[in-house]
Amino acid sequence: MKALARFSSVPVAAAGRTLLAACRVVGGMSTLQVRILRATFSADHDYDETLRQFHQVGVRSVGVVVATALLTGAIMVIQSGDFVERTGATSLVGWAAGTAVLAEVGPILIGLMFSGRVGANNTAELGAMVITDQVDAVRLLGLDPVRYLAVPRFLAMIVMLVLLTCVGDLFALLGGAVTCQVLLQIDMHVFWQSVFESHLLNYFAMGLVKGFAFGGAIAVVSCHYGLAVKGGAEGLGRAVNNSVVTAAIAIFVVNFVISALWGGGG
Amino acid sequence: MSDGSTDPPGSRSDRIDAEHLVVRLGGTPALDDCDLRLEKGLLHGLAGPGGSGKTTLLKTLATLRFPDSGTVTLFGVRVDPADREGLRSLRSRIGMQFQNLALFDFLDVGGNVAFPVRQDPNPPPPDVVEAEVESLLAAMGLAGTARLRLNEISGGMQRRVALARAVMGRPDLCLLDDPSSGLDPVNSSRIFERIRAIQRERGTTMVVASHDVDRLARVCDRLHVLRAGRAVFSGTLAEAAESADPDVRTFFPRPLAA
Amino acid sequence: MTVSFPGLQAVARVFGLLGETLWSLVRRPPPRSAVVAHLFNTGNRSLVFLAVTMGFLGMISVYQGCLQAMKVLPDLSNAGAVFIMAMVREFGPTITAMMLATRVGTGIAAEIAVMTVTDQVEALKVNNTDPVAYLVAPRFVGFLVMMILCTVYSCAVAILAGLLMADLRFQVNPNTFLSLGFTRWSDLSVGLTKTVAYGVAIPILAADSGFRAGGGSEGVGWATTRAVVNALFAIIALDFLIAGVGYLLVRGA
């Protein structure tokens, strides 16, 4: 045991172990993804549970997402205001802040917040069900835990994150406009005009696609770690930790892929 | 009831008691007008149905909970939540074993047992502590386990480690919450024998809460019964069997002719 | 509507914990071995994670920024300078803090929550050990120091990734890209202020959630969840405050 412990601290072995663990996680999540998709497109659905999840996910996250979005818009205006002031192009403030918010910063921050609020919660909830044998009880009733537990959450998270991204974008622009007026002392009209003239619909659409993808990723990651909990309270804490970390990695990687594929647009 | 007649005059500083304790946990009272008087140097058994407030009473005696009303007096000093120094000096005389053990998982067995002494502002020299830990572990039948991690020993052994930590540093008041929980009859008997032996050897005032009323009755000097947050009986086993309260007689029936 | 800080009471409690932590640091610094262990824990567990997230962030920011800039002015010679400024004053500290909050903050919350629900915190108290001094102080110091170091590291990773993207996709000369032309001292001080503020806030909020855990293993899950949300939201709120004040100060000067 001790020899093994000493050996495992050798960098190569550690790297190998990390790689194997990563493969196990990716494999497990891919399997879950396939099972979720198959169950989603099969005939029978638990509509009640799905509706309940929609409600829970939405109620849990709307407050924190709106607050995040308002502040995000404000922060981006401050940042671009600084830049605009240095280059002297006041009319670009709406364009600079709007693009950043709609295309990149908004979806990422809303996604991270959503992952913290809903994803972590989901892992904790499913994990607690595993620890208290409730998942086994579901199996014993002849129900498939993936169909009964994971699918409604998966659907709810995707739909809700797309909607929240919509709402969040609005509030972010609102926060930006107010900040523009109050802090930068640039008339709000200049900001709105700049936003509308920049034809940001393309970025808005990209943001929604990101919301869709982030929602799915957060759902699969959080369900995977929740259903795989082992070993009591400590295991549950670790699972939540791993869940939010993996979701964060997924968000950044998925964001990169979508942005790169989408191209500049316009 | 002995009515404190065992207290020699002038030993007021040994007084350990709780008067009219009310402790609420999230609204509902866990202790409701509870009185308890502990005679010095005796082994006290605390029995009562689940949810009757045994754990809350022990934690209140350990100064981990403060009563919403009523008073706790330890070693003649009234517990005052605002007096940090006072609490510090009281706690240095208390040892406690928690119901779910509360062993520190970042320390090994020896580190756990040594913890109460090492945390002193001026701890004794390390080799003295080491020797004390070794002898205590040996007395618990755990010789040679000091360097093991907690997850390398069995649940029964962990209970004994927790017991060793509770009596380490020779506290004047030792509170043991369900020391035999989850143990088989053989190991339960052994752990009660060990508690009795340590208590006899050191003359510590000990309180043992347990569901294991048979063994409790066998080793304890005094028995206390809690019901719905109130102490309904205090006295010896013989007195319990004669009690007018049917619940008390259920817990401690007249022993069969032995 | 869910708000992360239900009322003033919670704010008072969090600041109380911060005060207790600072006071215990003044009175008796935590043992060096404990601080080193937490430094290692914070840093070592985060390097790969930070490299992945900041790398992707750096690449995509430069990609988007260059595409955007080309629409307005066909000249990309300022792209690097603007990107580096944004990294130093905004995204470096903030995204690093968010990543460390998810990685390390939840870890702190989970550890302390486990100790709370298994009565280990009470066992500390009955043995006359102040849980704040014993558990929070070393984690606080470890996190704060590592937060600063990790921000530097994150900026370096992001700038390197951005440089690669600019060079390979947009043929921007690395020497042109690596320009501090837009980065002023005020940007650096705003970035540093943010870093320190996040470094203080995250471990305190995480520890607070941990101490408030109740009710078995489920309580640990909730505490960990609460820690993420509180920390992430605090980061965004602090970001807004510091950016706003920084802007006013710089403009006032």
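Think of it as A, B and C in the order they're written, each chain with its own count starting at 1.
The rule is simple: contacts are C-beta pairs under 8 Å (C-beta built on N, C-alpha and C of every residue); 3 or more make two chains touch, one makes a residue touch a chain.
Note that the structure is a prediction, hence the values are computed from the model and not measured.
Asks: Line, ring, star, complete or other: which one describes how these chains touch?
Replies: Chain contacts: open path, no cycle.
Asks: Would you identify the chain whose Cα-based centre sits farthest away from the centre of subunit A?
Replies: Ranked by distance of C-alpha centres from subunit A, the top chain is B.
Asks: When contacts are scored as defined above, which chain pair ends up with more C-beta pairs, A-C or B-C?
Replies: Between A-C and B-C, the larger count of C-beta pairs in contact belongs to A-C.
Asks: Going by C-alpha centres, which chain would you call the most central?
Replies: It is chain C that sits nearest the middle.
Asks: I'd like to verify one number: the distance from the centre of subunit A to the centre of subunit B, where each centre is the average of its C-alpha atoms, in whole angstrom.
Replies: A distance of 50 Å separates the two centres.
Asks: Compute the distance, rounded to whole Å, between the mean C-alpha positions of subunit A and subunit C.
Replies: A distance of 18 Å separates the two centres.
Asks: Whole-Å distance, subunit B centre to subunit C centre, using C-alpha means?
Replies: Centre separation, subunit B to subunit C: 44 Å.
Asks: Hunt down the residues of subunit C that sit against at least two other chains at once, touch-wise.
Replies: Residues 114, 118 of subunit C each touch two or more of the other chains.
Asks: Provide the residue numbers of subunit C that touch subunit B in the complex, in ascending order.
Replies: Checking each residue of subunit C against subunit B gives 114, 118-120, 122-123, 125-129.
Asks: Give every residue of subunit C touching subunit A within the complex, in rising order.
Replies: Going through subunit C, the ones touching subunit A are 1-4, 48-49, 52-53, 56-57, 59-61, 63-64, 67-68, 70-72, 82, 85-86, 89-90, 98-99, 102-103, 106-107, 109-111, 113-114, 117-118, 182, 216-225, 228-229, 231-233, 236-237, 239-240, 243-244, 247-248, 250-251.
Asks: Quick check on the complex: what are the subunit A residues that touch subunit C?
Replies: 18, 59-64, 67-68, 71-72, 74-75, 78-79, 81-83, 85-86, 92, 99, 103-104, 109, 112-113, 115-117, 120-121, 123-125, 127-128, 131-132, 179, 183-184, 232-241, 244-245, 248-249, 252-253, 255-256, 259-260, 263-264, 266
Asks: With touch defined as at the start, can you tell me which subunit B residues reach subunit C in the complex?
Replies: Spelled out, the residues of subunit B in touch with subunit C are 59, 62-64, 88, 91-92, 94-96, 98-105, 115-116, 119-120.
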